Amino acid sequence: MNAPARQRVAVPRPADLPAAVFRQSLMIRFSHCDPAGIVYFANYFDIANGVVEDFVLGALGLDYHEIVGPRRIGLGFAHVECDFLKPGKMGDHLTFAVLIDAIGTASIALMLYAYRDGEPVLAMRLVMVTTSLTVLRACAIPDDLRAAAERYKETCR
Amino acid sequence: MNAPARQRVAVPRPADLPAAVFRQSLMIRFSHCDPAGIVYFANYFDIANGVVEDFVLGALGLDYHEIVGPRRIGLGFAHVECDFLKPGKMGDHLTFAVLIDAIGTASIALMLYAYRDGEPVLAMRLVMVTTSLTVLRACAIPDDLRAAAERYKETCR
Amino acid sequence: MNAPARQRVAVPRPADLPAAVFRQSLMIRFSHCDPAGIVYFANYFDIANGVVEDFVLGALGLDYHEIVGPRRIGLGFAHVECDFLKPGKMGDHLTFAVLIDAIGTASIALMLYAYRDGEPVLAMRLVMVTTSLTVLRACAIPDDLRAAAERYKETCR
Amino acid sequence: MNAPARQRVAVPRPADLPAAVFRQSLMIRFSHCDPAGIVYFANYFDIANGVVEDFVLGALGLDYHEIVGPRRIGLGFAHVECDFLKPGKMGDHLTFAVLIDAIGTASIALMLYAYRDGEPVLAMRLVMVTTSLTVLRACAIPDDLRAAAERYKETCR
């Protein structure tokens, strides 16, 4: 196949992921799927946001909803890219793994990989930008989030 | 800002778009937005799919739903990337423009740009892969779609 | 069929709708549909909210997004019921009609009917409650909305 | 409040639910919520479909995705109604309970209740209709589903 050139995100095999990596399993539901019977691509981004919520809570130990709610710091994305490697189907059980690729002044780049029975299904890169929701502008990563992100990144080396 | 390095998709100014470019306007709705009051990123991908439907119908002159339905040829994506440049808000009127970047054997790479009052709001690259929905494998672009895509690409040089 | 008893919402024929009724047409998209190839029921509620947005703007002459945004008055629903009469399919063009059934102190009951080629596809009753988003409690319908709703209800008698 | 008359679905207190009732807990996510900061009503219907999937699997012991997929029997809804009693917020943990209200020839009426800390948040009635996806018409409830539904209904008396 002479596909248009693009830079593929390299996907580690599950066995090559760091031992401390955050993993989350979930089932592909009826409503994730489209008339083609496979996961509608936009739903993968919504699923990914849920995995990021769980990652912030479970791996970073911070309350995602408190950050975005009372603390008024947005955790949205400035850049997203995704390789859809295999179609996901209703009833599939996928395991997501989350890694931190880079930490900037106001941004954290995350890698998400999803596997089905050890086989990569998708690879996503999400550049999260911390934003003051009061003025809708990027703001420095708050100290607790930065410390937790750096700790996690270190642990997953 | 020391953001993690990434390759930004260059966004043409509206005036620099080819005259024949397909444009589609739409209003950002309440339900597109999240508790931060701005468009939830996953919804932009759903919006984009609707714009692609309208593009196939309006610019390529083909019946998207007949292709995906009775003809059983999927028009899903193998790769997607997006720069979110400005937050979109409820009631915003966005204008989308669609260009064809590359045509492969079984794939068509599309560029989508969205503008608000002439200012770029997002830039997206979508690599659509034609898929036999019977066997869930990539298949050669059907002749009518290829011809229409090449014609459009030529017109928008 | 011995279906569980329920009170069917009676659906007027299109010709029996008041001449002044607000109508909105839209196309069923790929992403509205599920693996059964028909509109996923939850998406009809999202579609309905968009029709209500357009109704508030087009028939009541008020800025929905300004009410919900800067004016901080929620226009959510306290009660919803729907009869799904015919399956909706990709590419279908549906026409929605909106009527006001009742106006209370803090609520407006709307009827939405959708037709495909004159045939009823769904009937929905939506009880919208005006809510102060500052304290998340029902509040009296603001004067401009009440006046416009009463005028519309009168016009559609 | 002089709300438009409607028949409220009565909501049992959690302690009054049958001991054998199927329960499912889930967290309200960022993406469930709207610019008002509370769950967008259409998302509750999507959440409900997921709870029904889990109910069919967990309480009825049947493979929802096999029924809807290979067996080509749709489990969509012909009628839905819902009382939204309290706004749901990001990070809320809701417990859903599912009861079978009635079993017809080609339909099963379900009651869903959601609670937050024992307080009712919503009550939903969903009339599921078994449909042949080959001809898109209602078909008799398949034997295994009928037997399991009757057993569950009996257990939850």
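Letters are used for the chains, namely A, B, C and D, taken in the order the chains are written, and counting of residues starts over at 1 for each.
To be clear about the criterion, a residue touches a chain if its C-beta (ideal position, glycine included) is under 8 Å from a C-beta of that chain, and two chains touch if they have at least 3 such contacts.
What you see is a predicted model, and the numbers here were worked out from it, not measured in a lab.
Comparing the contact residues of subunit A and subunit B by number shows a mostly shared set, over half of all numbers used being common to the two copies. Just to note, of A-D and B-D, the chains joined by more C-beta pairs in contact are A-D. With each centre defined as the average position of its C-alpha atoms, the distance from subunit B to subunit D rounds to 36 Å.
Remark: subunit A and subunit B have CA centroids separated by 22 Å (rounded to whole angstrom).
One inter-chain figure worth recording: subunit A and subunit D are separated by 29 Å, centre to centre, where each centre is the mean of the chain's CA atoms. Counting only residues that touch two or more partner chains, subunit D has 30-31, 34-35, 37, 40, 42, 46, 49, 68-69, 90. In terms of which chains touch, the assembly is arranged so that all chains touch all other chains. Interface of subunit D with subunit C (complex): residues 1-6, 34-38, 40-43, 45-46, 48-49, 68-69, 74, 76-84, 87, 101-107, 109, 127, 129, 131, 133, 136, 138. Every residue of subunit C that touches subunit A in the complex is listed here, in rising order: 30-31, 33-35, 37, 40, 42, 90. Chain contact summary for the complex, subunit D toward subunit A: residues 29-31, 37, 46, 49-50, 53, 63-66, 68-69, 89-91.
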